[in-house]
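Two complexes are shown next, each including chain A; its partner changes from chain B in the first to chain C in the second.
== the complex of A and B ==
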């Protein structure tokens, strides 16, 4: 096994439900993700991309096939989360409403094995907040319900920037922020990759966004990876009809999109 | 009546529990003709959703009107009680398509019951029986090209996000409203579903269910395809107002330029283009702001910008709130 392979999947399957209602969410998927690359998983709703992300986090285990993190299967999720962290899609479901944001950002360090000192925690939280364009004073004493969806999503990202994990699984981290903040966050993700050598798995439905950030793109449709390759190849010479459809459905200012 | 919607110097504020006024919308004026689609774009917290509440005349504390006038079909929406607005304005004159379809639908009731409520609440003069209401619903939902029976007899949780959003659009437009306000109807959907939903909106426009629409979003490229006119909002003010092509292809206000520069595209050669980011945050609306509101973050700001209030002026056939825009 090569050392620089972070995730290695061989023919993994994941099903939900039983009997006639059995649904296949991940169907015979194989891939390798190497150290320090940004991989985007792109697909429409319900194509299985979030399930794949949760398998990488160790929240689901595949029913067949082998899924290895650094050459070993994921046994203890607590240990796994020391190195692999995530940003989830729905920021409203990710914070406890009864504690202030700052407390929760500080509590996030509890997951680490080597907890930094109190001063260090405060410093890192402040840095992380600035990184996502929020003044620490602005959220001082604020509770989750006082923030907008975009602000909450930035808080989730701030948590990642503070923890500095080795691998980040980002499931639609910019679904609720506007274009300017989105560009900021993507720039910061790329900075994390360059400075810390973080491996990032980016789950999105926007192929334009994936093209901008990633080193490799996986296109998923109906539980399968239908196309994988460099962003230039995937967007310029799409092989799969699903990729073509994803590209066509983006409202681009220079192209006829929908007839009026 | 030439204008279906007239908004004149509309200002709205929120009153906090400490007695502080947050001026969320300041001096917004525009008019809309029958059949026009106006797109409003701006970043989160710029007052888009507050403006929506103002345009419906729905002032539920802590939101209060500071001044100005909203007229739909020559009828003023100001100074009405929320009860009056609900009964006589909403759904019939002005209707809103809400942002999150899932939060807008009662999870314990079937779609047909939620929709029947809308008809029942507005048909007091001639009471309709349940079968009559359901027949009307079926007729309307058949227009959408969806599986009517399946949708009407489902609970919201049984539908996909796209079906849910389309049901919400169906319910919002049941009573053929004069003006429809769509508040980010597609921001939670993936690109393919987004296209389906937009197609449905165009379908309804074609079938004359409604004709005038305000479409609110932060995706400018989407507005380019949907709207006739676009207004860009920043910190509670309109900063640029022009036709869709003018604003998207040839932005003049520094803020619009920055917004357009932040768009990502999958086109060839765009990978190494750095999207522009706007540093800093919009000003707090709790204090009165002197000078241009964008001056703090503007890349081409001059020292005098912070002193001098900016007003809308005509630049290149559209309105721009910047004295130095060319």
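== the complex of A and C ==
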């Protein structure tokens, strides 16, 4: 049991700013994430879920408490990124506008310890593009500003398909794209889990989406995890008032907007 | 790129600015070699068919002097501009990107240089320089005293870029700090840095003229700059004797170059910054 724990957090805290402006972004949070599961972190804006994702990614380190990846603290971030990768929220802001998409997808291999050969990199980029249903010829010589938001988000996922990390931190990958693309992206996430056995941390503000994809859901509010459990339990028997609020906010086709 | 150029050409300020600037550059670069020296005349001869802009105190033709002065002034301006922009951009990029203690230290240095009035430093160093001051020395001095402003503005821009997602992505792609700074931050600032460079060239030319005017500019054979011409005229009391051709042409040339550079800078801002685009 102990061996397949990917992330283990014990009472971690993270603050920003100094003095009176000091804000607590993550307050005394503890959790375990095991190998191969999809965990969703759900919460409203500013609840600290993105900060938590960045801690898992190793971009931030917690100020107190212990945070372990596979039983060890994150010391060398390069080693960490070999195995833990991420998809960010804003597909337009994620790529450097001055280089072609293909160059940037190839650049991603720079993090791998055993760097594949040039032909191998080309082959893996092509495969990754096909995995997200994009013909490699379609993006040949294209620059980020020439693609749509949905395509860009797929490029970010292609990066993951190319690198094949062990863990994926998906920080609101669906919040900036339209509904069809959203369904697509969830499909790709499932594909990553099923085909590559990836552990996925899915950060979202939409508890409905989380319900569909996750094995477990953490509900965050005000820098704390207020509820954690299986999606059925969390949605059917919410214990925390914040969960109830999140559930009420799911748009419903049958519900009238204003009660007459 | 082509669209950018099209936008630029539509801007009358850019067209006028670049026309004036290119003309002065061509005159400065080719003038001295094309305009073969006219035989010396008497001191302070008034403009005539033989000497279009008259002669100076030694009877040298003013057109030839102005062309050489223009060349030297441009040299000093560009050299100072390159030095100031390079130092300022590097300091600003590192401070803005690294943040924390590196930022604090670099910022302290920048502020230290800002509070020291650069013109006073220029005067003191020039005045105490043991032997002949070359054009290059003056250019280097100007460059080393004017970089803090560039550093400040570049730092502000780099700080705002640091938190962007594409920087985070570059990081988890395994890019080193240097790669991030030069590949992922600098290109975004390139247009801005170019504009800063133009302003630094303009201020370099002005600073050189100012310091030469008070007699602390370059001395020695072949280092006649526009400022030196003004200084000579002043020393000979050209104005008092009514030798207007000793002062005005040089002053006008300085004004035209700096004006052209300001126009260029202004028009580019209108194109690079979409919010100012008409």
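Simple rule for what comes next: the second predicted complex is superposed on the first by the 254 of 260 C-alpha atoms of A that agree within 3 Å, B and C clash if a C-alpha of one lies under 4 Å from a C-alpha of the other, contacts with A are read in each partner's own complex, and residues count from 1 in each chain.
The criterion applied here is as follows: contacts are C-beta pairs under 8 Å (C-beta built on N, C-alpha and C of every residue); 3 or more make two chains touch, one makes a residue touch a chain.
In this text the structure is predicted, and so the values were computed from the model without any measurement.
Trainee: Report clash or fit for the pair chain B and chain C bound to chain A in the combined superposed model.
Mentor: fit
Trainee: Does chain B (first) or chain C (second) touch A:206, or do both, or does neither?
Mentor: The first partner, chain B, only.
Trainee: Given the touch rule stated above, what does A:130 touch, chain B (first), chain C (second), both, or neither?
Mentor: A:130: touches no partner chain.
Trainee: Contact-wise, after the overlay, does A:98 reach chain B, chain C, both or neither (first, second, both, neither)?
Mentor: second
Trainee: Going by the contact rule set out at the top, does A:246 touch chain B (first), chain C (second), both, or neither?
Mentor: Only chain B is touched by A:246; chain C is not.
Trainee: Figure out whether A:59 sits in contact with chain B (first) or chain C (second), or with both, or with neither.
Mentor: It touches chain C, and chain B stays clear.
Trainee: Residues of chain A touched: more by chain B or chain C?
Mentor: Of chain B and chain C, more residues of chain A lie in contact with B.
Trainee: Is A:110 in contact with chain B, with chain C, with both, or with neither (first, second, both, neither)?
Mentor: It touches chain C, and chain B stays clear.
Trainee: Quick check on the superposed model: minimum Cα to Cα separation from chain B to chain C, whole Å please.
Mentor: Minimum C-alpha separation, chain B to chain C: 8 Å.
Trainee: Enumerate the residues of chain A that count as touching chain B in its complex and touching chain C in the other.
Mentor: The overlap between the chain B and chain C interfaces on chain A is empty, containing no residue.
Trainee: Give the list of chain A residues in touch with chain C in this complex.
Mentor: Residues 57, 59, 78, 81, 85-86, 88-90, 93-99, 104, 107-108, 110-112 of chain A touch chain C in their complex.
Trainee: Mind pulling up the chain A residues that touch chain B in the complex?
Mentor: Answer in residue numbers: 44-46, 133-135, 138, 148-151, 175-184, 186-187, 205-212, 231-232, 235-236, 245-247, 249-254, 257-258, 260.
Trainee: Which of the residues in chain B end up touching chain A in this complex?
Mentor: Of all residues in chain B, those touching chain A are 42-45, 160-162, 187-195, 198-199, 202, 218-222, 224-225, 248-249, 258-259, 262-268, 270-271, 274-281.
Trainee: Over in the complex, which chain C residues touch chain A? Could you list them?
Mentor: Residues of chain C touching chain A: 164-166, 168-175, 183-184, 187-188.
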